[in-house]
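Chain IDs A, B and C follow the sequence of writing; residue 1 opens each chain.
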Amino acid sequence: MIDQDSPARSRLAAGPLPPSLQFNAQGRLRHLLTIEGLSGALITEILDTAESFAGMNAQAVKKVPLLRGKTVMNLFFEASTRTRTTFELAAKRLSADVLNINISTSATVKGESLLDTLRNLQAMYVDMFVVRHADSGAAHFIARHVAPHVSVLNAGDGRHAHPTQALLDMFTIRRHKGDFTRLKVAIVGDILHSRVARSQIHALNLLNTGEVRVIGPKTLLPAYVEDLGVHVFHDIRAGLRDVDVIIMLRLQKERMESGLLPSEHEFFQLWGLTEERLALAAPDCIVMHPGPANRGVEIDSRVADGPQSVILEQVSNGIAVRMAVMSTIMGGSMNQGSGA
Amino acid sequence: MIDQDSPARSRLAAGPLPPSLQFNAQGRLRHLLTIEGLSGALITEILDTAESFAGMNAQAVKKVPLLRGKTVMNLFFEASTRTRTTFELAAKRLSADVLNINISTSATVKGESLLDTLRNLQAMYVDMFVVRHADSGAAHFIARHVAPHVSVLNAGDGRHAHPTQALLDMFTIRRHKGDFTRLKVAIVGDILHSRVARSQIHALNLLNTGEVRVIGPKTLLPAYVEDLGVHVFHDIRAGLRDVDVIIMLRLQKERMESGLLPSEHEFFQLWGLTEERLALAAPDCIVMHPGPANRGVEIDSRVADGPQSVILEQVSNGIAVRMAVMSTIMGGSMNQGSGA
Amino acid sequence: MIDQDSPARSRLAAGPLPPSLQFNAQGRLRHLLTIEGLSGALITEILDTAESFAGMNAQAVKKVPLLRGKTVMNLFFEASTRTRTTFELAAKRLSADVLNINISTSATVKGESLLDTLRNLQAMYVDMFVVRHADSGAAHFIARHVAPHVSVLNAGDGRHAHPTQALLDMFTIRRHKGDFTRLKVAIVGDILHSRVARSQIHALNLLNTGEVRVIGPKTLLPAYVEDLGVHVFHDIRAGLRDVDVIIMLRLQKERMESGLLPSEHEFFQLWGLTEERLALAAPDCIVMHPGPANRGVEIDSRVADGPQSVILEQVSNGIAVRMAVMSTIMGGSMNQGSGA
């Protein structure tokens, strides 16, 4: 019942989802499953809201009562302490009650038993499920089946989407660069298997980014990637020239084992971000990575820890952006633009 | 030191426990270990309190400061994410601080080391232990040994009792049927090994239920079950005729392996609740199950998901009833009737 | 990068750490890593603060808003439910948000990846890491690398230090005995491998304790232990004579396996605290143990549960003392003395 790889991959090139799934009848954001189907105006509103939370996070009292009395349940079918922690912190700083539920996928292999679990949990008057799942489409599947009072926030599903990661990346870029329309942004590495890259490309497009480039070997680029309006480079030196933002992707080590890639060492030789290659970009270019970085594989430590790296800012911004998404969906007081 | 199966089973037919164990010197509820020894008036009071919390749970702000500054510790010696979650949510919505402690039974095989663990935990100024344990009598054992400032809430001990489940079932029946005195209630399946059934029978009796029937094979009914005033049926069609409430029990798969039962398929043929059998009951009969249901074993999916099923309402009501029990015990503001 | 056993052991006899590591530029306590380098005046202030929290813990509402909006992260590289629970409770009763992160040491064997983990976590605007680690010096290592807004609280590192345990022991002694200057205190057992003993000796010295004795076999005493100003006894009967406080240490069972010690039975014969040996001490002598006690190994059950035992009081006091340390470091309103 949950889509495996191929449907999700074909969805990348497909049109937006039915607005009714992410938006309610009044056009307000109800679930955040994917960047597709959002408007640039809504993204901008979320980033504006995140800006106020970012200021608060740096203060002594990092807590507001916006979601007091709401219940957020982290449903993690895939272990990820780091990501779960950012959602837990975001919800707690909004004064929501948070419960962490780790569900082994084995216990829910049959769609039916997953649905039984969901129905039971939502019957406890849960307001939001934050869902992480190894299968592409899992968050959509859950959103299609929850009760009207429940919202779903996709915290990463298979190779499909990771929308809050894309939003925090947009927030980070905006803080450093302001206007997107004149920016050149390069995404480097394993685009094919990256839910982060998919979501980033859609968000950059919605914000009218001047130029979006993807850089990687043919084996790690989707065949139809040009349909998304990006420029494809198979030579990293050409691709990085004059860009304002470099987004490195994490290389999943499983790719090597599956024979799709040669050794880590060779990957670094061809696609790793070094100081020498970074020098090809604009002088004030920023370097981003969704973490955790494989140092010496996709990025050199001197770059990851260097003056142009904003990798740790991305982590900080992630809390503020997740607070913004949660309060936009549950807060009831934000003035939102409607979907596509 | 902790009772194994036989003492707990004989206790089912025995008289009420010493009132002093569940009640304090002023006759107020201090521990909830079992339904035995409660009065019908106290059960009614708890259900009335739960009614107000049930209304609150459906509202936007699901939180009251009744137990602010109190500490509830979930002591789960037996893993049960679902049950633990309901107690955690109930405590959080009352504004208590909640800590989850999973204790492997192996670490506490000797009663002495269990006592050391308890004494250490209660020294941290805990107000309530919510206890789940595979051994019958574990909650009583703990209640006998805690300090005067600590209350114990039994969240299921072996085959003995699961009092909050019985209370939430009574709450669910009352919401649908009102007065108990004219009701016919049937409990179907493995009565012998079910802590839920034991607690339900006692609660139904205390509320003066018109007729309580138990339906199941001889091998899964306690020999002395008639002493509890129930009517025994070994034919499901005869037993279900004209009843107002059907409570299906979960079949523990281990029973099959132990040779007590034939196959799941044969169990369903003989004792499973189908639409055709449900039609024998009163037209407005409700169907209950403590969950998680084995679909196709004790209940057909069409019944579990059908219009007469109130299974998910039971889950919702569980939060409200657990809030009511916690606030009755710790809140200090309820006017309570005394024990038997 | 993290010190193994030998550096930590030699540090016991070394001078205080640079004040700048535990104190900020204004001389205020920023990290609590070890008792060394604190002043007696600061310890007294922390104990005074703990006194007010101890009163609160015994009341109906055990919660103050002192650390509302602060985030405490329990980083436990070594499993310890009991210790973690005391820190979690202390933080919650101060109204801080608490997150528990269990990190397997295997995932962070290289110092570099531990640092990456830390940088990521602190980027989430964490105010305090409570650190438990099997390696001596781990808390110092982390304190040297955290951002300026983050404090580190050592919850036990290898054989090196366990400062909050020593402070709660001082608190317990002070409540029973008042002035330290005329007290005779005996620490009995495996001094060599005990982080608790190290921290206790330093704290007792800073509070000008009349006489500190250590009692144990030569194989379990550090060679240079006399340099700390303690009196060494290899005969338990001589060592216990007329003392006001006896602190028993927990015997790590691994010592037996490593051949450092004979059997548990023989250890008890030579070094176990029995009623008969306790009678050699002052009549109002109190008996302490950091827990969990090995009954019949280092202490007889009749002593552990007897009228002179204050073992469970130590647990209760642990909450109050940890609240005092957390609020001293993060609260910003305490008037503190400066370090050595």
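Keep this in mind: a residue touches a chain if its C-beta (ideal position, glycine included) is under 8 Å from a C-beta of that chain, and two chains touch if they have at least 3 such contacts.
The shown structure was predicted, so the numbers you read here are calculated from the model rather than taken from an experiment.
In terms of which chains touch, the assembly is arranged so that all chains touch all other chains. In this entry, chain A maps onto chain B through a rotation of 120 degrees when their C-alpha atoms are superposed, rounded to the nearest 5.
Taken over every residue number at the interface, the positions common to chain A and chain C amount to under half, indicating a different-residue contact. Between chain A and chain C the centroid-to-centroid distance comes to 43 Å (mean Cα coordinates, whole Å). Residues of chain A that touch chain C in their complex: 57-58, 60-63, 81-82, 85-86, 88-89, 92-93, 291-293, 295, 312-313, 315-316, 318-319. Residues 68-71, 97, 99, 101, 112, 116, 119-121, 123-125, 332 of chain A are the ones that touch chain B when the two sit in their complex.
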